[in-house]
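Each chain carries a letter (A, B, C and D) given by its place in the written order, and its residues are counted from 1.
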Amino acid sequence: MVVRHVILRSLSKMLIPLIMLFALYVQFHGDYGPGGGFQAGVIFGAGIILYSLIFGLPKAKMVFRPRVLQYLMAFGVFLYGSVGLAAILKGGNFLDYSHLAHDPVHGQHLGILLVELGVGITVASVMATIFFLFTERRRREDV
Amino acid sequence: MFDPGLFNYWIIMILMMTGLYTVIVKGNLIKKVIGLGIFQVSVIMFFVSMGKVRGGTAPIASESFEVYSNPVPHVLMLTAIVVAVATLAFALALIVRIKEAYDTIEEDEIRELEAGEEG
Amino acid sequence: MHGSGLSISAHLPALQIAVPLLSAVICVLIRKARAAWLLATTVAWAAFAGACVLLNRVILHGTISYEQGGWSPPWGIELRIDLFNALVLIIVTGICAVVISASLTSLSMEVPEKRHNLFYAAFLLCMTGLAGMTITGDVFNIFVFLEISSLSSYALISQGATRRALTSSIQYLVMGTIGGTLLLLGIGMLYMVTGTLNIVDMADQLAMVGPNRTVLVALACVTVGTSIKLAVFPLHIWLPNAYTYAPAIVTAFLAATATKVAFYVLARFIFSIFGVELAFEQMHLDRVLMPLAIVAMFAGSIVAIYQTDIKRMLAYSSVAQIGYMLLGLSMATVPGLTGGIVHLFNHALMKSGLFLVMACVLFRVGSTHIDAMRGLGKRMPLTMAAFVIAGLSMIGVPLTVGFVSKWYLVSAAMEAGQWPVAVLILLSSLLAVVYIWRVVEVAYFQEAPEDAPAVKKAPIGLLVPVWTLVFAIIFFGIFTSLSAGVAGDAARMLLGAG
Amino acid sequence: MIDIIHVILFVFLAAIGVAIIRLRDLFAAVMLAGIFSLLSATLFTVMDAVDVAFTEAAVGAGISTLLMLATLSLTSSEEKPAVNRRQAMIGLVVVTITGAALIYGTLDMPRYGDPDAPIHHHMAPRFIEDSPEEIGIPNEVTSILASYRGYDTWGETTVILAAAIGVMLLFAAPPVSRRREDELFTPGEGTG
């Protein structure tokens, strides 16, 4: 599984941070251009997957612990729902971001930022988890 | 009879049927899943097509454009793509388990094995 | 603190979905099986209580509308609860609460304890998906929640103990995805001609558009798509396998809820969006649905008679019972639709009761094969008594809910002057006598095989839920005002007859 | 009205669809499915759906292909030649009838790109005109996705989570050999 090619390794060492940086750009630039939480999550997940392809699953699982990923995927959905509940506590309807801040437009900004973040976190961790589970299946079979 | 304004939809329906045919006829489970994917993507194309406005541009507000394509179908289809990939991931995991349990992913062979169990 | 009670009740429709969903998410993280079960059960009962409050409020104050995100429809998504979906919501949450209470005892047999937290998460998600489909007032939102419930039900079915659970799950997945995608296509066509996604708004716009070829095909897509999920006769082939090989409590839950919500969606589309005039008078949907319903009533029951696995027998019986519901719907009259809706309610009670009995049998005997049930009448008296009562209800004996449904359907058929249909309903009931009697005969009039291991009575954790449902079967069989009364009002509302 | 690029893309898509049906080599079929996704992404861009195109490219050509390849390496990459003429006939009949019905349904549809179509006049104008002020961000797709239809998007995120739960449930079972799985059968079935 582990690729011992030096060039490939050092190249991806440079590439993976760039991919993740791009994911963050997509995450936070979704308001102005195409993109948003889901796409960012997929790209970030792809970065994690690339890491596990190059450096091997055991190492990838040390950096991105499956248990932590599990917490994160739940946290994303939870964050989204909590924004909805917070809007209720602030006197609006469920997911009514206008009540989150004094100025409705600010509230909308804040709400969208948070829920997109929730989507991104869930999607990235789900993609990575699913891929880990698939590759792990093969490693166990080989034994 | 031939209406260029409908050409788009006709091709999409044909693509859709290509997917459906693969699902119905192919016994290989992976082929079936690929067929499902084509079926779903064609429906996505259908929605996106109906959102297009002649001379319009991508629905991102800016000073330099007047006419925008309809953003609503795009939003709906983002959700549909997500649903499709979620279904795909689960289906593939199921196929892996089926392979482990039956040592085949061909529908007719699975059916034979199951008939043997019952008989 | 004061005033918070009011605000919570005002936001009940949203919380009805949000709380179970968030609890499902928490279940993913709870590692202790028992704690996950406790959370899931508490939440399910709370959801049931919420559903009762909502129904009560609808009865007293009329339809409830809740604007998600504070955006007014059609721009935002509306939750819209009227008599019809309030009743369906009660079924979904109520059955879920009863079944999930039973699962603490039964589940360990079939699913390793390590996976229970994920199992309960999927279970709650499935309920949330079904409830979400039920109370939403937005067609695309129906699709989204349909997929939540579908994906989690595929996952639940795949957890059955044998490898055939896996193939049943993928069969259901392939058919269910085709169904869901066809529904989406139909929604797309409707959106295309109306420009809206809100159900109420769509009905208004559609009335202005009138019937055309696109609307006709949209109706076909929606009908076929939901029919796959509903397991209408020729599209039912996923159902027997899925119900047979899924874990017992999953079957008890899905048999009572998933097909019911599919029925609800079909009825909602036909009556609330297309309208009776468009669907029945101009497009003659009844000419397709009624024959299919009648064929299903007979084919399902006849195949059920020849089954040796009782879970499978009950699954085929479900195919037949779905025929009754569809028959009521296809009459498109107030008594007919009332019969369909009442049967939806009643069948949920009977079938989940019967499948829970199978969970008891599986728990103690280890099999649901008919040979394994010899002499069980003496060895598991309470369990088999429950089977007999629920079975009698399936046949349609007075003082049980089954009688109420049959009564409404038969009288609706006679009122519409369709004597042959009324006769067919009665004839198909005789088939139910045959397949229920087979089990009764084996359980009560045959001796247990001598080498059979000793069988203890079913555990209390399973018996209480079973008998809760049995009491409900008798209660709603005698006091019909709640079920049939609400169903009648709902049918009148759907048909626009006051 | 129809650009030449449309026609070319559609012809390619249809050709790939047919090739996927005919190919025995599953590895090639998966690759073609990836290309199918990429071409549809191009088509979406042509139709102004940049967000959809972005997502389709990332998901269809990226994650889906990866998962399929992972599955192939765990199962087999060759489809067995199954000559089931009956099933092929049934499939052909079903597909022909359904396809004919669907094309019949297109006849009353608003023409492609028609600015007078109902969907451009009922909900969309408000989104296009008011959302930049109401929400304060220029990408209307993001505004609708996250705010107007935020409830849908929460459901969508939940679908993803449900898939993860499903995969975790499936792979929680250790890979067992066939023999072991047989022994797990309930008594009634094994002996029947």
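Note that in this section a contact is a pair of C-beta atoms (placed from the backbone, for glycine too) under 8 Å apart; a residue touches a chain by one contact, two chains touch by 3 or more.
All values derive from a computational prediction rather than experimental measurement.
Visitor: Count the C-beta contact pairs for B-D and for B-C, then tell me which is higher.
Guide: Pair with the higher count of C-beta contacts: B-D.
Visitor: Measuring centre to centre with CA averages, how many angstrom lie between chain B and chain D?
Guide: 3
Visitor: With chain centres defined as C-alpha means, what is the inter-centre distance between chain C and chain D in Å?
Guide: Going by mean C-alpha positions, chain C sits 28 Å from chain D.
Visitor: Using mean C-alpha positions as chain centres, tell me how far chain A is from chain D in Å, no decimals.
Guide: About 22 Å separates the centre of chain A from that of chain D.
Visitor: Touching at least two other chains at once: which residues of chain B meet that condition?
Guide: Counting only residues that touch two or more other chains, chain B contributes 16, 20, 50, 58, 60, 72-73, 76, 78-79, 82-83, 86-87, 89-90, 92-97, 101-102, 117.
Visitor: Tell me, which residues of chain C touch at least two other chains?
Guide: Only 21, 25, 28, 68-69, 140, 144, 147, 151, 154-155, 158, 163, 185, 191-192, 197 qualify.
Visitor: Mind pulling the chain D residues that touch 2 or more other chains?
Guide: 50-51, 55, 59, 63, 67, 70-71, 74, 102, 106-107, 109-110, 117, 119-120, 123-124, 127, 138-139, 141, 145, 147, 149-156, 158-164, 166-168, 170-171, 173, 175, 181, 185, 189, 192
Visitor: Line, ring, star, complete or other: which describes how these chains touch one another?
Guide: Shape = complete; every chain linked to every other.
Visitor: For chain D, which residues count as touching chain C in their complex?
Guide: The contact residues of chain D facing chain C are 101-102, 104-110, 117-124, 126-127, 147-152, 154-156, 158-159, 161-163, 165-166, 168-170, 172-173, 181, 184-189, 192.
Visitor: Sort out for me which residues of chain B touch chain D in the complex.
Guide: Residues in contact with chain D: 3-11, 13-22, 24-28, 30-31, 33-35, 37-38, 41, 44-45, 48-62, 67-79, 81-90, 92-97, 99-103, 105-106, 108-109, 117-118.
Visitor: Within their complex, state which residues of chain C touch chain D.
Guide: Checking each residue of chain C against chain D gives 21, 25, 28, 68-69, 71, 74-77, 112, 114-115, 118-119, 121-122, 125, 128, 132, 138, 140-141, 144-145, 147-148, 151-152, 154-155, 158-159, 161-163, 185, 189, 191-197, 205, 209, 212-218, 220-221, 308-309, 362, 366-369, 371-372.
Visitor: Could you please specify the touching residues of chain A with respect to chain C in the complex?
Guide: Interface residues on the chain A side: 70-71, 73-74, 77-78, 81-82, 84-85, 87-88, 91-99.
Visitor: Going by the contact rule set out above, which residues of chain D touch chain B in the complex?
Guide: Spelled out, the residues of chain D in touch with chain B are 1-2, 6, 10, 13-14, 17-18, 20-21, 26, 29-30, 33, 36-37, 40, 43-44, 47-52, 55-56, 59-60, 63-64, 67-68, 70-72, 74-76, 79-80, 82, 84, 87-88, 90-92, 94-96, 98-99, 102-103, 106-107, 109-115, 117, 119-120, 123-124, 127-128, 131-132, 138-141, 144-145, 149, 152-153, 155-156, 159-160, 162-164, 166-167, 170-171, 173, 175-176, 178, 181, 185, 189-190, 192.
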